[in-house]
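A, B, C and D label the chains in the order they appear, each numbered from 1.
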Amino acid sequence: MDLGPHSGFIIASYGLCLVTVLGLIAWVRIDKAIQEKALRELAEQGVSRRRPDAGGR
Amino acid sequence: MTSWALALFLRDLRLSVRVGGSALVGVLFFLAVVTVIPFGVGPDLNLLSRIGPAILWIGALLATLLGLDRLFQADRDDGTLDLMLMAGRPLELVVLIKCLAHWVATGLPLVVAAPLLAVFLNLEPLAMGAVTLTLLVGTPALTLIGAIGAALTVSLRRGGLLLAVLVVPLAIPVLIFGVSAADAAIHDPVPFLTPFLILCALSLIAAVIGPVASAAALRFASD
Amino acid sequence: MAFWDYANPTRFLRLVQVVLPWLTGLCVLAFAAGFYMSFFVAPEDYQQGQTVRIMYIHVPAAWLSMMCYSIMAVSSLGTLVWKHPLADVSAKAAAPIGAAFTFMSLVTGSLWGKPMWGTYWVWDARLTSVLVLLIMYLGLMTLWRTMDDPIKAGKAAAILTLVGALNLPIIKFSVDWWNTLHQPASVMRMDGPTIHPDILWPLLVMAIAFTLLFFVLHLMAMRNEILRRRVRTLRLRAATSAHPRSATATAQPAE
Amino acid sequence: MFEDLSFSLNGGSALVVTGANGIGKSSLLRTLAGLVPPSHGSIRLEGGAADTPPEEQAHYFGHQDAVKPALSVEENLQFWQNFTAPAPAPGFSVRSVTPLEALDTLGIGHTAQLPAAFLSAGQKRRLSLCRLLVTSRPVWLMDEPTSALDRRSETQLLELMNAHLAAGGLIVTATHSDLALADVLQLHLQAADAAALPVEDALP
């Protein structure tokens, strides 16, 4: 379709929005991977969540 | 021989990026200053584009000063500074590297943000480029001169404000030649290169005087 | 009260696991419909031509930027008044998303403004208020980052969010007043488009799509935040017990 | 601050500085560390690198831990190993260990990857102590080394100090508690005119 004389601006605004949303999705996914990796490593070390008497406090 | 320098640089960079660091607070402050000025002078775009380079430079100066008070104080508070004095590394170089890391973490983001903020001030693309270029060359001088103030106020509990008072007069030449170089690029007949080269020279001089003076101040501060 | 049933993070995570795929699917469908309608159903504006199509992302993004702040304000009330354990998780997870939507509405607005007004930015009352909102979002995000303890940071941020929520109408009002004092004659004001159903429907569908997107991202970010706190607790425990396997044998008085 | 204070110390021996609170034990150590210039007099380290000032051949283990909470435990230690210049001396032979070995020695190896913010006060103290092991320097200046340490860590600390002495190192420490060190000289600081007893070394 023809977007007229200002097609550059229209494409740019849709494109930038797309980039921002993809950035948000990437942030959420990467963050999840980092936290899950840390949880796995802690589980391998043998630190368990269900043992409230283990901590000093 | 240079591995200790790299280790120090990376450590300071990490500290400013991690939790509790202040890497992006400076840019945020820069944005806030540039946003507030039109409320004071009015939204006239012609006026704003005329004083735009000056606004950006003053904003960058204030943002740089704001982040400097912790440059040495954080290290003094937990005893790191004592150990650095005993580490057997030239203190002038240590200061220079700390300044470099601080500039990469707080000064460089200001330079990157400058073209974006220039849009708010209705600057022409040429003016945008000129301001960004002068900031790229001039903000290291601000950091290095500010380091002297940071070293002098390192033992004071509320050193931040005093630091600004001490450093602002010293930073005036940088501001003068930074703004005039940016202005010269916009208004054609005035030569751009003369003030720009003086600005470069100021940065180079600061790279010598800053570390030497700061190192001397830090040596006296440890008691 | 159903709201309180999900105070338990584990139960909340299970709920997210169930709801998220459906929500994502709906979101994708809504965006497909929204894009189709905004490009092929909606007519071009007799005055603005094709650039009016920017409106279909600009306006929903602006709405969402305000809705997100309202959600953060309610969450902050939840933190301070009702002490709901997930409230500050919700507020913290919403801030970057809100900042991103605000950023989108600013960028699209300025890309719309260039062909219409001849400049990327004017200190128009509405634009300026949104810029102030962006600064508040970024400030809140920084406040969260500078504090190590999530509970303390959550309370501080909640106070700032609520003060901001009370302040935003005042800011909007004063910016309006400042702007009418100064409004330079050279800037052409955009007239609000007469709402014709052909425009209204795509706009509404896009607004629904953006809202769904917000909730998908918000739930995912909340889940990450819960995991992050879990990691933090476990790490603290890992540090205090000298040998995690035989923690009871070596338990020392902390500090 | 001090008058007529002079002492000398040979390789392989320790000097324990005692005295009432506020008498200047810490100041003496900080003077030896080169952090406070002596008003007159001099500090010499014979047998070390001639062109290196004494404080650059010494480790200072003071009240402050110099631990950055935002860095991981290993990053903290790795930085000090890279940053601090080692000072080899002829009569002193200790190889510096890697950060992980040092952490294991002091029983905090399992925290290596954690941010240092999660450590307790005693663990931070032990992390700070690891610093002395990762860079080899002949002189240890230790201000109240046992504070915030539990009994087991205290025993470990004594073992480390004795090993350092056995390798030909020097230790100057200010303390209130009795330290079971191999070869000890006492320096008792007193107020007023009888400022300090000059202490002579016992070993050749």
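Rule of thumb we're sticking to: a contact is a pair of C-beta atoms (placed from the backbone, for glycine too) under 8 Å apart; a residue touches a chain by one contact, two chains touch by 3 or more.
These numbers were taken from a predicted model, which means no experiment stands behind them.
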{"item": "Chain occupying the most central position, where position means C-alpha average", "value": "B"}
{"item": "Contact-richer chain pair [C-D vs A-C]", "value": "A-C"}
{"item": "Inter-chain centre distance, chain A versus chain D - centres from mean C-alpha coordinates, in Å", "value": "46"}
{"item": "For chain A paired with chain B, centre-to-centre distance based on mean C-alpha positions, whole Å", "value": "32"}
{"item": "Inter-chain centre distance, chain C versus chain D - centres from mean C-alpha coordinates, in Å", "value": "53"}
{"item": "Whole-Å gap between the CA centroids of chain A and chain C", "value": "15"}
{"item": "Junction residues of chain B - those touching two or more other chains", "value": "19-20"}
{"item": "Shared interface positions of chain D, touching two or more other chains", "value": "69, 110, 120"}
{"item": "Set of chain A residues in contact with two or more other chains", "value": "45, 56"}
{"item": "Parts of chain D lying in touch with chain C, wherever the complex brings them together", "value": "69, 107, 110-111, 114-115, 117-123, 150"}
{"item": "Contact footprint of chain C on chain A as seen in their complex", "value": "1-7, 9-10, 12-14, 16-17, 20-21, 23-25, 27-28, 31-32, 35-36, 38-39, 42, 45-47, 49, 51, 53-57"}
{"item": "Of chain C, residues touching chain A in the complex", "value": "39-40, 44, 49-51, 53-54, 57-58, 61, 96-97, 100, 103-104, 107-108, 111-112, 114-115, 213, 217, 220-221, 223-224, 227-228, 230-231, 233-238, 240-241, 244-245, 247-248, 251-254"}
{"item": "Touch list for chain B against partner chain C, complex", "value": "19-20, 22, 24-25, 28, 31-32, 35, 38-39, 42-45, 48, 119-120, 122"}
{"item": "Footprint of chain D on chain B - complex, ascending", "value": "3-4, 6-8, 11, 14-15, 18-21, 78-80, 82-89, 222-223"}
